[in-house]
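See the structures that follow.
Here subunit A shows up in two complexes: once beside subunit B, once beside subunit C.
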Partner chain A sequence: MSRRTIQIEMNRVEGDLDFQLEMEDNIVVDARCIGTLYRGFEQIMLGRKPTDALVITPRICGICGTAQLNAAVLALEHAGRIAVPPNAVRIRNLCLMAETVQSDLRQSFLFFTADFCHPKYLSRPFYDKALAAFQPFKGSVHRGALENSRHIVEIVALFGGQWPHSSYMLPGGVTTPANSRHIIDSLSILNKLTRWFEQTVIGTDLDVWLDLQSAEQFFAWLTEKPAHDESATGLLTQISREIGLQYLGFGTPHMLSYGAYDDPRYAGTFTQHKQRLFKAGFLNGETGIVEAFDQAKITEHVRYAWFQPYPGGLHPFQGQTVPDYQPHSDRYTWCKAPRYQDKVVQTGPLADALIDGEPLIRSLYQAEGGNAWLRQFARLRRTAKLLRTMRDTLHELSADLDEPHMLPPATKDIPDGEGFGLVTAARGGLGHWLQIADGAISRYQVVTPTAWNASPKDSAGRHGHWESSLIGMRVDDPDDPVEIGHIIRSHDPCLVCTVHILDSGKRLTLWP
Partner chain B sequence: MTTLLWLQTGSCGGDTMSILCADSPSVEELVDQYGIEFLWQPSLSAEPKKHLDTVLDAILEDRLALDILCVEGSIMTGPNGSGMYDPYRGRSKMSLIRQLAEKAGYLVAMGTCAAYGGVHAAPPNPTDCLGLQFDKQAPGGLLPVDWRSRRGLPVVNISGCPAHPNAMTKTLAMLAAGLPLELDHLNRPKAFFNTMVHQGCTRTEYHEYDVEDELFGGKGCMFFNLGCKGPVTMAICNSELWNGRGSKTRAGVPCFGCTSPDFPSDHDLFRTEKIGPIPVNLPLGVERANYMAYKSLAHEAAPERVLNKTMDP
Partner chain C sequence: MPERHVLCFGNELHGDDGFGIGVYAQLNQLDWPSDVELFNAGIAGLDALRFLQDCRQAILVDAFAGFGTIGQICVLTPEDLTGQPQTSTSHGLGIPYLLEALKIVRAPLPEILIVGVEVAKVQPFCLGLSAEIERAVPEAVRLIRELLPE
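Showing the complex of A and B:
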């Protein structure tokens, strides 16, 4: 038996990501997901005016700044018991959805499918098609995704002035109302993207596609017409399944979703727990039951992270973030280990769809489990849903253009106290927890989606989701472990708030 | 052929996301029309990451010419001057950038972080960040004040948080095409930093007549009460719109001055500091006494349509 350590570094993820894997005879026996970039946002927030969070925290992440902004504004509104009018919720939702569509298209066709052009697959029958569609800067789908992901965020620019990084959600609403010009501009942006999506990504009409409800219907659809199996989704599905991604990358069975997009019908009065268009919940992987979600059950552990140690886990309202860099200890990352009900969970589009009860994803999950292909597929399924929901939102907005877009809060300053804001970013559940004392922020804790997925071991020694999704896996060529890239990228890793490198053992590199 | 290497240091990836939004020229055009070859770009390169090491070795051993080095993100010098809050292969990125800078035809700071330190350098600056050739306003950062790249320029600072998409691609296109690049006193290309955000803001009709908003969500000017730094900030946000569609001030968001070395300022970002009724920081170069006289006259002269805020921004 040969045992060796390999180091894997990935590009085409947001931020840098490294894994250190222990291999025995081509089987992964231990995995460490490593984050070494530390930026200290939680410390920068201390002592600032609470509303400064609306400018500082979007800068946590360049790809999901709108979601960060939303989490921050919800936390402030929670602390101040501040309500927002329905149109503000609609405008926020529209922009959040545009950002997610941007991210999902880039993740799918700039980051994920490029791996299918790996020389390992040169002799496979799909190779030429993969190149024609997915090759960076040359493939038709790659170029289309570059172009279209660029246009969809113009909707955010219409309402927020720019993408990335604007601060147009303020306690009580948004800074600008929708007018008829915004509506027509947004519709025209959305129409063009929808047309491209129908022609290139699904090869069919959006409604036809969304009507597919079961695994049988989906597989029948796939082979029904050449336009279906030649579409980007068709191609992604066939290639994934030919190389066996439906058998890989399960990880933890527990899933978490905060629910997505506040329901405008319940806006107008402040509520502690938001009614959402897509449901919140915890899918208990042991019982298969979706339980009600309760943020009080979230804790973060630091046993294997470079923070000043504390025993067990702490809820973010008690959270401590004191850096303590110890490169030569058994601690290995700047990522904390969040747990829900003390369980390792995953978050992201697959979790969201299952918890919301999306029929097609549920049916595929029942048939084959939460594998790497399904995770990627769930993301594209979401794009279709969002395109339709965005259109509905624009129609709702245009029916009520004269309604207010902001309800100025009763007091100018956010009162002392605490609040949290939970949203669904492209990569899953994102939460901000803040406390205010003497008019200034006294504690700010952020738990990113990637923190859930890229979590290191916790104080009980339980591996995080990505780590566990790799353990037990067979790698054909440890010197070029393409499989690992497929699996990790199916999670849409975003490491800007976390991850890098360690120096031991033989260093290997993932292609591409 | 112009070779380009893009490295991320302490960053949010926002400048990469921003440049993907560029449309005039677009990133594809840089490749197709301006002959820019991306030796490495973390989000776009299809090559294995091992390729980055090959490229770095070749550059450092003078086997490969590096025309443009782009850096996105703050230079982290902590903890304790080691730079290990942001390591690469067991060493600090800080030291890697220092070495590569000696080989680069041009060194371009993409965004305020790389230029001046940026959001990560906000107090208490937990990771001890600096910019490439500035430490906030102070000249001299990772590289000394008199440092020049091989082609004779200091670090070219395309500041902004994030940098404006088209300011980035146009600068790169200019360098690739051999067009001259004139820099201002903060080493920003004048072509993009010789315009105030205030110029071209659709709220200037209100500013002109001293009609100021007290609350967000309105149509008026945000200079006196809501923290807008448009009249003291050099950037093209209102002359070359973001994503082809808008700007912060057009959408009713104050300009936070994100292209300036002191971004983000450490007092309340949504309030304007004032002496009496007049902002402490007046529009660039304006005398206080003159400004006060002008403002009271202007308010007197304001037409009804402006006083009643019937005009859309």
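Showing the complex of A and C:
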């Protein structure tokens, strides 16, 4: 039996991530997901004025800054019991959706599908089609995604002045009202992208596509017309299934969603958890039942992370993030291990769709489980849904242009106390928890979607979601583990992914 | 309308990867013809495509690995980067990727030159440039000045 260690390095814009895999006879027997970059935003926030969060936390990420801003403003509003008008909610939602659409299209067609052009598949019947569509800079879908994805965040710039790292959401609303110019410009950006999505990605009309309700209907649709079968979604589905991604990369069966996009009709109410357009919940993978979500059930463990140790898990309101690098121990990452109801969970578009009850995704999940193909497919399904919801949101805004975009809070400062803000970012549930004492931030804890998914082992030694999605996998060629690339990319962690094998010192690039 | 753009790339938190930003700071002290615009492109990656629209000439500034001796200033054309899908610097998608993407989003392409310095290595979370690279900054500034006459 031969045992070797593979290290996979995942260079992200916003942080560095490595995978270390232990292989025995080409089977992954252990996996460590390593966050190699300490960020320290929790420390940066301490002692500052609460509203500084609106400027600092959107810098956490250059891809999901709108989500960070939205979480920060919700936490402040929760702490101060500050109401917002419906139009502010609509503008926030519109911008957050724009950011998610860009991220999902880029992840799908700049990164995920590029792996189908790997020389390993040279002799497969799909190879020429894969090249024609997905080859970086040459394939039609890759080129189209590059051109069409870049304009959608201009909607954020219209309302927020800039993208990324904008700060236009304030407690009580947003800085700029919608005027008819914003609506026309936003619709024109949205319509252009929707046309490309219909023609290239789904090969049909958005509403027709969203009407598909079951696995049977979907597979019948796929073979019904050449336009369906040759669409980017059609090709992605056929190739994924041809290489067996419907049997791989399940990870933990438990899924979590904070719900997405506040419902503007409930803009001024203060329930424990906000009413949302897409529902929150916890899908218990053992019972198959979706339970009500309660943020009080979230804890974070640090047993295998480079933080000052504490026993068990702590809720973010009691949370500690004190760095304590211990390189020669069994600790291996700067990521904490978040748990819900003490369970290992995954978050992201698949979890969101299942918990919201999206019929097609649910039907496919019942048939085959939460595999790597379905995870990727759910992300594209979401794009269709968001394009339509953005259009509806713009129409709602244009019907009520004179309504306020801001309700000035009664007091200038956020009072002492605590609050949390939970949103759905492109990669899943994102939460900010803050406490304020003597007018300054005394605790700020951020739990990102990647913290959930890239979690290391917890106090009980249970692996995080990505780690468990790789354990047990067979890799044909450990020097060129393209299978691992498919699984890792279906989780949407990275921009560029390189692999090096420790024992040979050889370094390989998966893509580009 | 500024028609000549200078885009400086790099991350000043990571040692010599901050070369481009050091150059930007010095370029910013100079008086430029009205058609020249300077951009601190930082780690913008694909988002830097925006800075390459509406210009007829662009100079990109970055740290290099594998093009010369340490501290040496090199001037490259996009053709020199063919077959180099990534730079060794840490900002995600590097200049070669950006230039490939640019071919898709605009035609004809602007005239592009890439000015850089060869660095020994990129030191994460280390503020400031090493002595050799620091010395190369004024030389790069002089060169860029010459490349952009009145």
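To be clear about the criterion, the second predicted complex is superposed on the first by the 483 of 512 C-alpha atoms of A that agree within 3 Å, B and C clash if a C-alpha of one lies under 4 Å from a C-alpha of the other, contacts with A are read in each partner's own complex, and residues count from 1 in each chain.
Here is the rule we go by: a residue touches a chain if its C-beta (ideal position, glycine included) is under 8 Å from a C-beta of that chain, and two chains touch if they have at least 3 such contacts.
Remember, predicted model here, so these are calculated numbers, not experimental data.
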Touching partner for A:F137 - first (subunit B), second (subunit C), both, neither: both
First, second, both or neither for A:L354, with subunit B first and subunit C second: neither
A:P323 touches, of subunit B and subunit C: first, second, both or neither? first
Touched partner set for A:G62, first subunit B, second subunit C, both or neither: both
First (subunit B), second (subunit C), both or neither touched by A:L146: both
Which of subunit B and subunit C A:L236 touches, first, second, both or neither: neither
Which superposed partner A:V344 touches (first subunit B, second subunit C, both, neither): neither
Greater subunit A contact set [subunit C / subunit B]: B
Which superposed partner A:G173 touches (first subunit B, second subunit C, both, neither): first
Touched partner set for A:P164, first subunit B, second subunit C, both or neither: both
On subunit A, the residue positions that both subunit B and subunit C contact, one per complex: 11-12, 62, 106, 136-137, 143, 146, 150, 164, 496, 509, 512
Subunit B residues within the subunit A interface of the complex: 8, 10-18, 20-21, 23, 26-28, 31, 42-50, 52, 76, 79, 84-90, 119-120, 122-124, 126-127, 161-162, 215-217, 237, 241-253, 256, 258, 264, 266-270, 312
Subunit A residues touching subunit B - in the complex, by the definition given at the top: 9-12, 14-16, 36-40, 43-44, 46, 48-49, 51-52, 54-56, 59-63, 65, 106, 110-111, 114, 117, 135-137, 143, 146, 149-150, 153-154, 156-168, 170, 172-177, 179, 185, 323, 325, 327, 405-406, 408, 496, 500-503, 509-512
Partner subunit C, residues of subunit A touching it in the complex: 11-13, 62, 106, 136-137, 143, 146-147, 150, 164, 495-496, 509, 512
Subunit C residues touching subunit A - in the complex, by the definition given at the top: 43-47, 49, 85-86, 90-93, 97, 100-101, 103-105
